[in-house]
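Each of the next two complexes has chain A plus one other chain: chain B in the first, chain C in the second.
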Partner chain A sequence: MAIARFWRETPRRYNLGGSRCTNCRTVYFPPRSVCPTCSTHRQSIGKLEPFQLSGEGEVITYSVVHDAAEGFEMQVPYVVALVRTREGPTLTGQVVDVDPHTVRIGLKVRATFRKLREDGRAGVIHYGYKFAPADSGGAAPAPRGPRGTAPVAPGPGAGAARA
Partner chain B sequence: MDAGIVSYGAYVPRYRITPEEIGKVWGTDGTAMGQGLNVHRKSVPAPDEDTITISTEALRTALLRGAIDPQELGAIYVGSESHPYAVKPTASVVAQAVGATPNLTAADFEFACKAGTAAIQTCLGLVASGMIRYGVAIGSDTSQGAPGDALEYSASAGGAALVIGRERVIAQVHRTLSYTTDTPDFWRREGQRYPSHGGRFTGEPAYFRHVGECARRIMEEVGTTPRDYAHVVFHQPNGKFPQRIGKQLGFTDEQMRYGLVTPYIGNTYSGAALLGLANVLDRAAPGQRILVVGYGSGAGSDAFDIETTDEIARFDRSYGLPVQEYLDQGIELNYATYAKYRGKIHMGGT
Partner chain C sequence: MREVAILGAGMTRFGELWDRSFREIGIEAGFQALVDAKLSSGDLGALYMGNMASGSLIDQEHIAPLILDYAGLAGHHLEAVRIEGGGASGALALHQGYLAVASGAHDFVVVGGAEKLTDVADTEANRIINSTADHEWEEVFGATLPALWAMMARRHMHDYGTTREALASVAVQAHEMGAKNPNAHYRNRLTLDQVLRATPVAEPLGMLDCAPLSDGAAAVVLGPLERARKFTDTPIRIVASQVACDTMALHHRRDLTTIDSTVVAAKRAFAQARRAPEDVGVAEVHDGFTISALLALEDLGFVPKGQSGPAFAAGQFALGQKLTVNPSGGLKAQGCPFGAVGVAQAVEVVRQLRGEAKERQAPATNLGLLHDVGGTGATSVVHLLERVN
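Right, the complex of A and B next:
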C-alpha cells in the first residue's frame, strides 16, 4: 500500500476517528463532510464535527478465513467480522485473541491496536484497529482532548447511525 | 522530589507456552528447567503484536484510568530492546495512537532491560523542573531467545506505561538513584536476530552486583532499611534472581510477593520491573513504601524510593485488566504454533 494513502487514513485506523452531524446526530465512519441522512444535504454542510468511536460493539456476522489474504498466512484460520459499534456505524475488522470456533453472532468485542500488515521485510509497518473479545484486557482508544481533531473527509461505504 | 506516578496501565499478550513444551522439542527436561528458573509459563505475542501495539494498549489504559487528556502529555518515552524499526521511533506511533500528537517530545530509549526505568527518570526530571505537565514512561518488549538457548524458556512479551506528573499523584517518588558500569553480560550486535550472553557471567558481576549496590545505596541515601518497605520490586530476568537478591538484602517473601510476576508470564525485559510495580500498585494501600530496582545488561541499575498517597484509594482501575488477570489467564500454545507466531520458521523467499 502506498505510504501516503495509509498515512492519510491514520486518524481512522489508529483512533476510529469518524464524524457526527450536529444537525441530526448521525455518526459516520469513515468520516463524511456532508450528511446523507439529513432531508436536504445542504442543511448539513459545515455541521459535521470530528467524533471518535468508543471501539465497543458486537459481532453481527463473521467469516472464518482459511485461504489467507497475502500477509495473513501466519494467522490462518482467522476471523473477519462485521462489528456494530455502540455508536451505530458497522465496521469490518479482524477478531483476534480468540479461538475461531468460539466466535458467535452477538459476541461483545472492543477495538484493539494491532499490526495490520508489513510492506515486506524492509518496508513500512502499518498499524490500526482490530477487535478482541471485550473481556480480554487492553482498552479502547482514549478519548480525544479538546485540541485533538480527526480530519473530516468523505469516505466511500460509510457506516452511519444516530448517536 | 516534586513528581510521582499519576496513573499506570499494563498489557500482556494472551498466548502462553510452558517450559515443558519447549523442553520436549530440544530434548531437555523442561520441567526441571522451569523449576530452576522459577518460570512456569511465559507470554507469547500474537503475530500482529509488537512493542508498538503493547505500548499503545498499556498507555491507553493508563490514560483512561487517570482521566488524562492525551493532549496534556508533554513527553512519551518508550524503553525497549525490541523496537520494530531500527530507524523510526516507536514513541511517535504510540503518541499518534493515543491522540497525543503533535505538541510533545517523543523518543525511544534503549538500555537492555532498564530502558523503561531510565524513561521514568527522564520524565521525573522534566516534570519536577516544570518543563512539562505529564510525561509518559513505557517499558515494553517482545523479547526473543535463540531456539534451544536457555533464554528461550523465559524471554516473553509485555509492557506497562506510567504517567508521571505533579497533580493527583497516587505514588510519590522520593528519590531515584542509578549505578552504571561497563559490564558485557548480555548483548545483541546490529543485524543479529537473537541476543548473546555470558552464561553464568550474567549473575554475580552483573545482575547481583548492580541491583545489590543500587538498592543499598538508595536505602543509605534516604535513610531506610528493608523493614520500611511494604513492597519491593526487582528486575526479574527469571523468577530466581530477584528472590535471591531480595534475601541477600534482607527482604521477606511477603515483601517480594506482588512485585514478582516473571514466574507466571516470563521475562518481559524492559516491561518486567514496571509490570511488577503495576501489580503492586493494583493492591497497594495509601502510605505504603515501595522500593523498585531495575536492571539492564551492559550494565546498570535504576532504583526508586516510592510512597503511595491517599489518592491511590480513589484511583479508578475499572479500565483495562489488573495485572493478576494477565498472570492467571492465557491460551496455551504448542511449540510449533509458537515457532510460527515468533517467526522462527524459515518460509523461503526473501
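Right, the complex of A and C next:
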C-alpha cells in the first residue's frame, strides 16, 4: 500500500478519532462528512465534528482466521471480530492477548495500539488498533500477543485514551 | 418500457482453464449465446460485460471492446461497456442490458460475464477478492472476505441456533448438483463429514464451505419480447430486474444476519413482477460461502428468518422439491469466476425454464429467480425470469 494512503488515516487508526453529527448526535467511525442518520443528508454537511472514541466495547461476532489477509500470515490463527463500542460505532479488528478459542460473543474488550502488518521486508510498518480483553490488566503493559503482534506502545487503552 | 426477453444463452466450462485466455472464453460464451438465439452479429446494438478485476488479474482493463474486437465485431463499432460490482458484476451487466432493451435504446444486446482467476497465484486472487469488501477498514485490520462471511455465520449460529452441520449441508447439496453438471468446476460428491473436517479457513467456515477460484465465461442475448418469437419458440421474459445497495463494510450494517440489500432488491423484484416468493420454482442464489445461501433463502423470502438451516438440512431446497435451489451446483460447485457468476445463473435458469437441464432438471415451473451479491452484501441483484407459453 502506498505510504500516503496509510499515513493520512493515522489519526483514525492510531487514536480512534471518529466524528459526531452536531445535529442528531450520532457518532461515526471512521469519521464521515455526511450524516446517514439525519433525514436531510445535505444539511448535515459541515456539521460533523471530531469525536474521540474511548476504545471500550464488546465483541458482537468473531472468526478465528487460518487463511490470513495479506501481511497477517505470521499471526495465524488469529481472531478478527466486530466490536460494538460504548459510543455506538462498530469496528472490525483483531482480538489479541487471548487464546483464540476462548473468545466469545459478549466479551468485553478495549482498544490497544499495535503493529498491524509490514509492507514486505523493506516497506512501511502499519500500526493501528486491535482489541484485548478489558479485564487483562488496565494500564499495565500488555502481555506479548501472538507472533508479529508484540506491543509497540503502552498497554491496552492507553493509545486511545491519550488523544 | 418494453418487455425484454432472453433469446439465447451460453457458457464455457468453469474451472482452472489454464490452456485458455480471457478473450477465448469470453468469445466462446458469446457465440454460444448468439447461435442459441439464431441471431447474427449484425443485428446487435451493444455488448455489456460483467467483470470484477481484469486489471489486477490479467493486467488488462478496457475489456469490453477487446472482446468485441476478437468476436470480429470491431468493424460494426458497437457500444461495448464493462460493468463492475465485485461478485455481482455479471448480474449488474444483465441489469444494464435489460435497461438498454427495455428503454428502446437498443433492440438486441449481448450480456456477457467473464473472469480469469487462476492466471494469478491463489494468494494474489484472494487479495483481490478481499478488496470487494472495505479494504481500508476491514482488510487492513485482518478481515478477509471469508472471515467477514464467517462472522455472519457465527452470529446466525448464536442468534438462531444454526448448526455447523446445516451450513455443511449447503456444500453437500451443491456438489450433488455439480456432479450432474458437465460445466461445473467440481463434479465430485461430498459427504457431510468431509465438509465438517475440511481445513479451517475462517472459523466456523472451512475450505469446503467456500466457493472455489474459477475461470469461466457466460453470455445471454436479450431482445424485445414482441420480436422474440422470430428467434425462439421459448422466449424467457425478464419480469423483474432490481439492484439494491447497502453499506460497504459489514460492521456498519443494521443486522449482521440479514443482507438488507437482498431483502430490498427481492421486494422490489416481486413487486415489479406482481409475483410472490411461493411462485418461484427454481432459484440460483449466491452461495459464495455456505452461510451466504442460508442468508439468501431468508432474505429472499423463501423461509422465515432464522429457519434456513433446519430447512436446508432437511432437503427442502433439493432437486425435485417445490423450490429447487442452485440446480447448477451454484458458486460452490459449478464455480465462482466472479464477473461470470450472475450471467451463468441466468444461463442455468433459462435452461431450467426451457426444460433443457437434463439430469438436473427441476420440476416444471414457469418462474425462476436469480440472486447475486457483491462483497458482503453492499450490492445485491435480483432478477425474475418467466417462461412465456
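Here is the rule we use: the second predicted complex is superposed on the first by the 136 of 163 C-alpha atoms of A that agree within 3 Å, B and C clash if a C-alpha of one lies under 4 Å from a C-alpha of the other, contacts with A are read in each partner's own complex, and residues count from 1 in each chain.
As a working rule, contacts are C-beta pairs under 8 Å (C-beta built on N, C-alpha and C of every residue); 3 or more make two chains touch, one makes a residue touch a chain.
Quantities reported herein were computed from a predicted structural model and do not represent experimental measurements.
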Query: Of the partners chain B and chain C, which touch A:T61 in the superposed model: first, second, both, neither?
result: second
Query: First (chain B), second (chain C), both or neither: which does A:D99 touch?
result: first
Query: Thinking of the overlay built on chain A, is A:L116 touched by chain B (first), by chain C (second), by both, or by neither?
result: both
- prompt: Between chain B (first) and chain C (second), which, if any, makes contact with A:F51: first, second, both or neither?
  reply: neither
Query: Does chain B (first) or chain C (second) touch A:I125, or do both, or does neither?
result: first
Message: Between chain B and chain C, whom does A:T10 touch in the aligned arrangement: first, second, both, or neither?
response: first
- request: Determine, under the contact definition given at the top, whether A:M74 touches first (chain B), second (chain C), both, or neither.
  value: first
- prompt: Residues on chain A in contact with chain B in one complex and with chain C in the other?
  reply: 75, 116, 130
- request: Give every residue of chain C touching chain A within the complex, in rising order.
  value: 123, 126-127, 130, 136-144, 146-147, 150-152, 154-155, 158, 199-205, 249-252, 256
- prompt: What part of chain A is in contact with chain C in the complex they form?
  reply: 1, 6, 9, 13, 30, 60-70, 72, 75, 77-78, 80-82, 89-94, 105, 116, 126, 128-130
- prompt: Any idea which chain B residues touch chain A in the complex?
  reply: 9, 11-12, 14, 46-50, 52-53, 56-57, 59-61, 63-64, 68-72, 84-85, 93, 96-99, 319-321, 325-326, 329, 331, 340-341, 343, 350
Field: Touch list for chain A against partner chain B, complex
entry: 10, 14-15, 74-75, 96-97, 99, 112-116, 120-121, 125, 127, 130, 136-148
